[in-house]
Amino acid sequence: VQVQSETTTTSITTTTQLAELPNEEVEVTFWHIYGEGKSALLDQMIVEFEAMYPNVTITSTSQSDYDTLRTNINTGIGVGQVPTMAIGYPDHFAGYITTGAVESLDQYIYSTTQYEVTDSTSSIFGEIVETGLELSDFIQSYLDENDQYQGGYFYSVPYSKSTETMAVNRSVLAAHITEIRAAGITISDNGFLSHETPLTYDQLVILKNIIVDPAGTNATTMKCEYLLNYDSSGNLYINMSRQWHAGYTNSDGDILIDNATTRNMLQFLYENFTSNTIVLPVAWSQSYGSTNFIYGDVCMSVGSTAGVNYNIPNSTYTPSSLKLGIFNVDFLQVPQYVTTDDSQFTVEIDGTDVTMTGSRSAVQQGPNIGIFHSATAAQKLYAWLFIKYLISTDNTAKWAMNTGYLPVRLSAYSSEEQLQLSSTFSLTYSEFLGIAQDFWAADGEVTWELTDQRWNYLYSSMVANIAFNQADYYQYDPAFAAGSHSAGSATARVEAGYCLQNIYTNVGVTNYSPDTALNFMINQLTW
Amino acid sequence: MEIKMQGLTKIFTSKNKKEVRAVDNVDLVIPSGKLIGLLGPSGCGKSTTLYLIAGLLRQNDGKIFFGEDEVTETPPEKRGIGLVFQNYALYPHMTVRENILFPLQNLKIEKQEAIQRTVEIAELVGLQEMLDRKPKELSGGQQQRVAIARALVKKPRVLLLDEPLSNLDARLRLQTREEIKRIQRETKITTVFVTHDQEEAMSISDEIVVMKDGVIQQMGEPQQVYDAPLNLFVARFLGNPQINVFDGEIKNKEVLIGGMKVGNTILPDQQVTVGIRPEGFAVDTEKKSPFKFEIDMVETIGRDTTLIIEVESGEGGILDKKTFKAIVDVEHRINPGDMVHFKVKPGKLHLFDLSGSIL
Amino acid sequence: MEIKMQGLTKIFTSKNKKEVRAVDNVDLVIPSGKLIGLLGPSGCGKSTTLYLIAGLLRQNDGKIFFGEDEVTETPPEKRGIGLVFQNYALYPHMTVRENILFPLQNLKIEKQEAIQRTVEIAELVGLQEMLDRKPKELSGGQQQRVAIARALVKKPRVLLLDEPLSNLDARLRLQTREEIKRIQRETKITTVFVTHDQEEAMSISDEIVVMKDGVIQQMGEPQQVYDAPLNLFVARFLGNPQINVFDGEIKNKEVLIGGMKVGNTILPDQQVTVGIRPEGFAVDTEKKSPFKFEIDMVETIGRDTTLIIEVESGEGGILDKKTFKAIVDVEHRINPGDMVHFKVKPGKLHLFDLSGSIL
Amino acid sequence: MSEIFVQNEKAYKRKRIAGNITIYIFLALVAISILIPFYWMILTSFKNETQITQIPPILALSPSDWKLSNYTDLFLTVPSGPRAGEPLFPFFRYMANTVLISLLTTVGTTITTILSAFAFSRLNFKGRDTLFAVLLATMMVPGEIFILTNFLTINKFGWYNIFTQTYGQAILAMTIPFMVSVFYIFYLRQTFKQIPNELYFAAKVDGTSDFKYLLKIMVPIAMPTIVTIIILNSMGAWSAYIWPALVTANDKYRLVSNGLRGAFTDTSTGRTDYGQQMAASVLVTLPLLIVFFTFRKQIMRGVSRSGIKG
Amino acid sequence: MEKKNNLRAWIYLAPLLILMTVFTFYPIVNAFIISIYKDYQPLANNGAGIITGYTLQNFLFIFKNQLFWISVKNTFVIAFVSVPISIFLSLFISVALKNIPKLKGFFQTIYFLPYVTNAIAVGMAFAFMFHQNYGLFNAILGWFGIDAINWIGGTASWTAQMGALLIYTIWSGLAFKILVFTSGMQNIDKQYYDAAKIDSASKWTVFKRITVPLLSPLILYISITSMIGALKAYNSVVGLFGIQMGAQPYSMMTIVAFVYRYVSGYTDVGYISYASAAAIILFIITVVFSLIQGVVSRKRVHY
């Protein structure tokens, strides 16, 4: 991963100012959606933060889910009653920004102001606190997402990020090693494919011909009914439109889907659906493909990094439903059409070869965090300090390992902070990454004891590695509110997913054209 | 308190837009402290009249006074009346006791006294053992008694009774009606008593009012109305068995029925309708009277013998009916088939013009 | 069809767990084709008996037969009965016409005929002009007539009438009851007629049944029951004005009341209760009889003079009441204050033992 | 004749028994279909994650296989942070809020419903039918439309303030807008209309005011309907979700549904922990069931009490 | 009684009218106004909201929206099929309940239970009952030799989905109707049934000519309210199919879902106006149907 610091916009002056922290009682309200069961870690950080600034009280409220959160903030904006800070998706912030309710964070990020902690009851009494944020320590795509708004300001900073990775059924691959090698794909003796370079669609088609049996999953031939499941059809659409340079939306809110490339892309997908190369969870009336991946119905499955563990078969499943038994799982990057950006690739659509220019792309997703305008200066300042605390190197790493999210800071990957994962197991984030690396290096033949705690973190570690490897070509989703003639980015994403689902459910219908689904999508997004 | 009605009119409009003049321009004064029996055929407007007095129905026209005060616009709860409904209208969810207590509670009568009065009145109507039953656990007559108790217990200024005894057996009816009469006499509550039982009306009432089709036909003391009906309707309506009505004529001061002389008069010659009550006949043991018939049936109930004579239509000038009846003393020992000569007792001959008005 | 009841018992248990034996071990045979009048004080179990016959209530014990067939378990709709309910039970949502047509439709009577019969019966009860009204647009009496029409129109095998005439005026009552009687005679429908009006019961019924507290007291032809009551209750219950009851004794074949001789008997000496109906007295114009009283009130209704004598409690051996009544011919011209000597007409002396049974 | 009668009688009896059996089977089927969701809820609450997603579904679990962890997890306490020591799912607090809200709205709704149903069924006033039609029409407007405006209103009344909202204000905001229901007014009016006029007359004669008549006669007679309304209405708070989330600034003030929806979704993957959710549902439903079964007699009597004709 | 009690009536109505004015009438009037705002952004301008004029274009937007027509079709099918069936069924169940000698209370209690259950549980249970391979419904169909139907699976046909939705809708409305009808039947004087027995009415006749007419005010009430409810169908679809409103996206979309979709995006330009416009269209449809219902039933309803 190449991390470039954004030298153009950073303007660190050498003269730093030392200022007094406001010492009045300050209440910072913080809205999030973390359920009571999941917010323990957050609560702990709050307690730590309050110990650092004893005059501050953080009131954190869970709004149950993102929709409720957004609705409550929006209605709150209408009456001037918003929290000091909140997490939210980019499109939430895009909406808040149109009403002028969120505070630009540039004033803190680029500030050189330093504060001395003078409260003797503070746990950091006497230390110097900085407001500025080391942007170069963040993954670029995250930053791009957070300053995509009007004027190029940061209205939020990345908080809790994830991406998609692909689970593969390594046992199936291992059963066909000779054929796969014969087809020119590198594969280890134990069925591991490359963890550094993603598979291409050409390779997928090759694999499909080897390991897919449309007649049904078969334990003797070790073939699956489908090749690749894609959990989020919205992500499939958006990501693919980037990979194909097909046009989707932009941050100005333009809907760019009514074009020939998109039509080609949908037709291509339709044919892939038909040939069992790609499948959506609706095939099994599910929201996620993981269960069917475990059952062996499909050999590969793209899903969120946060859902890793749902892809691992184990003995709690009824043996009869595991068509391929308990198999080995590996994680790879999401498949791509090209290996270098802006290069050409050829696909067969409707029986003819079509050549197009494409790029690599992987989605990055998850909430950011920002501060609202209406709060007092002191509230905002402390809110900012709190945000900084939440995404500090140690805390982002801690958060990542606890929740399945990824650290937002590069430094987290080398953080020396020991993190207590269980009562008897603690390690640094890089040691955590090392678990998978060791495993892969040994071609899966590690000599760990069965009771070794590393087994418990093997798969999380795999996806953390994979995610880090594909961070190079992360793309973010343009975020915008609806205009008077088109829908907003959230609707666009939903409709994109529905478009693919509609196409999928028409597989096998004679004379069906994916244009129908696209036209409906256009009707829903523009007027 | 005197009740005065002036031009009181109530018109019902039923679904099919037909108008029913249930009470038609009634002028009536009910003297203070009297018990008035309101009589008339089914559907003549008796209940409606009571409801108007009570204020439960709103008149289309006319005025009502209680004493000096016009109450036309006064709501029923302010009129201070007691009312026994024809179909009882007991509160189904309350026990007998609660039903009777209810008006007292509304009058804010002191609790002790209210309970006392409830028990007394329940004894009066013979319900003391049923105080804790709900109306649906009572027989028809028992329900009616509860309704009476409820109306009486509050000692109203005006008491309105809509066929209050119709479901009671003779003995209880007698008892209750005498009790009502007694209470009325003692308290001097102006009372209107609707009944279809003329015997009841006549024996209990100070005066009776006979109604027909919403119009008052006659008002007066019972015996007087019985003895001197103002029109054929009243004559026919009162009396059981009914009055015998004949087609007759006056010729030379003689009253003739079917050519047979039945009496004398001072009226000029004309066609008349003649009414003679069954008991207006006497047996002419001397068999001189020309007014004679062969007896078809003899009924003896208790102390009377009713002679029933079946006639061909028009025969003997008899109107309406195919039979006429005479009641004579059981002593006469008459048998079917006997030929009996009748005399008409003095003052028992009623002469009406052809429109039905008394001459 | 004959109706036979064997040991029929119906017990109600009210909320407060008290048992009411509304019908108590009744054995009764209602002869085929007869009209039976069921009489008794309010709450004695008349309606309950009818409902048991109809099958609407389930007996606690006993059996019912229609002719040869036991119908104890037969549901009401299979019993083929007509029933007039005491409070009419008209279907409130149907017009009069629909109410009357309803049973015919259920019997799948051909439409044309059904309409024909409806109109006929409506005319019979004088409702022809109200066929399109809903029950609540009718007066009480009109509603009752609809109920009668509905029961009669289907020509039932058994006709049960629960005080069917109580809300009708005298004239209509007479008409309707005679019509009921006529229909009954013609069709020979076994009919049970509940009424509290003894005059009605006696004049219409082939036989009457007197009930008290759920128990049959006496059954027989009306005049016979009137003339020869089996017990004091029946004697008291029948007759209006009520029978006069005296404390008496038999001494040397003489019947004495308060020491005064009123008649002779062949019974041995004992304490007795003596009943004399008001019309059982005659005026002893010769003033010889020792049985003499000063008259307090004189009432003349129509053809009779009722003499009312108020007595001190126990005076003259009179039981129950503080007055006794004698009905004599109006001819006697008696005035209040007159001293009248009474004789008892032959056969008018009823002697009961102290438990109330006839001697 | 008598022969036929007897035969019919037997055939009739047979028919009646057959009829009864059919009715029972029918009613039992309906009952089963109504019970299935309950069964499913309870069953699911005893399953672990893989059992829940298992295909074919597990239709029964022997008690020895019951996983109580879904329940016990609910009562695990928060180890640290501001809520340290409190249960993960603040069951009792949410229950208390819900019960309070339920009581208040039910009392309020019942009062307004009775008063207005009375006015609409018994009193004759100008514009009555028009007004009633207008009320009915409001039922036809999808309520989703009201939410924003009402929120603004609540705020104007000062009942919503993100920093200073008190429990009392939250209660007001959650109850006051729901103290009317045209639906129930309409329902009760129908019942009121069926009470015979004579009773109103009788009461007038007995000297009651309209209000007393309403209280002493109409209400007791219409009790079955009113009990029905009370039951239906009091359940409302148990499923209220959107509005309470909107007008409460503090999640301590919220209701069970808010807890049920939010608590068991893994926010990073969007997956719901159905086992825990069902366990919580069972817990939330349980008090209702207990109340319902303890007062079953009274409730059923209320519902089935024979009213009008005594 | 017959006098006009104007003042008194308004006093009785006061609590209702005050609350409704604030929380119902005002928002509705507001909705009407909002529906003609052009480019309305309710929260812009620091919550004051901005518009650029007035327009009827919002209604045009609705009519041009393909989704709206899908919603209308689904909504109508739901309303016209589920309402009559559920009324009939619940009447039938109530009558059956009335007619059984024993276990009445037991069944009544069970029918009551849905009020104390939880929507999520019901949704899950139904999804399971409709499962193509393991569901109860297909098992029952199997007894009659009917092939398993894909009711709500991702590739289910529209008819099957609608069938499942209707079953679910009818089920969830049944308990309320049974409750209303059973309590309504208790109010019918037993005497009418006695009289009908005497009049030899068959069970069916009693049902048709006595029970139904005497319940007619309640039946009208139920049919109007369930018609309104059915035209506002939303929760049942979410319960069964989740927020994508169908086995395929939007395949079971309803008008209220359409409204809701735009209400929940109210921060976006014009969305709340679209929602209001759609709500008004639904309102007009509902009023028309209710009027028709009212007129049709006028003759048959007995008070």
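Each chain gets a letter, A, B, C, D and E, in the order it is written, and its residues are counted from 1.
The definition used in the following text is that a contact is a pair of C-beta atoms (placed from the backbone, for glycine too) under 8 Å apart; a residue touches a chain by one contact, two chains touch by 3 or more.
Because the structure is predicted, anything quoted here is derived from the model rather than measured.
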Q: Would you mind naming the chains that touch chain A and likewise touch chain E?
A: D
Q.
For the two copies chain B and chain C, what rotation in degrees overlays their C-alpha atoms? Round to the nearest 5.
A. 180
(Q) I'd like the Å distance between the centres of chain A and chain C, where a centre is the mean of that chain's Cα atoms. (A) 96
Q: Quick one: report the Å distance separating chain D from chain E, using the average Cα coordinate of each chain.
A: 16
Q | Separation of chain C from chain D, taking each centre as the mean of its C-alpha atoms, in whole Å | A | 56
Q.
On a C-alpha centroid basis, what's the spacing between chain B and chain C, in Å?
A. 21
Q: Spell out, as numbers or ranges, the residues of chain E touching 2 or more other chains.
A: 1-3, 42, 189, 191, 266
Q. On chain A, where are the residues touching two or more other chains?
A. 71, 78-79, 287
Q | Sites on chain B at which at least two other chains make contact | A | 56, 75, 87, 134
Q: Spell out the residues on chain E that touch chain C in their complex, using ranges where they run on.
A: 189, 191-192, 194-202, 205, 209-210, 213-214, 216, 302
Q | Residue numbers on chain C that touch chain B, as the complex places them | A | 12, 14-16, 39-43, 46-48, 86-87, 132-134, 137-142, 144-145, 162-163, 166-174, 196-199, 202-203, 223, 226, 236-237, 239-242, 277, 279, 299-304, 327, 329
Q) In the complex of these two chains, what residues of chain C are touching chain E? A) 51, 54-56, 75-78, 80-83, 85, 87, 89-94, 102-103, 105-107, 150-151, 154
Q: Note which residues of chain D are touching chain A in the complex, please.
A: 48, 50-51, 53-55, 73, 78-84, 88-90, 148, 151-152, 155, 160-163, 242, 245-246, 249-251, 258-259, 261-271, 276
Q.
Give the list of chain A residues in touch with chain E in this complex.
A. 67, 71, 74, 77-80, 95, 98-101, 280-285, 287, 481-484, 487-488, 490-491, 497-498, 501-502, 504-505, 520, 523-524, 527
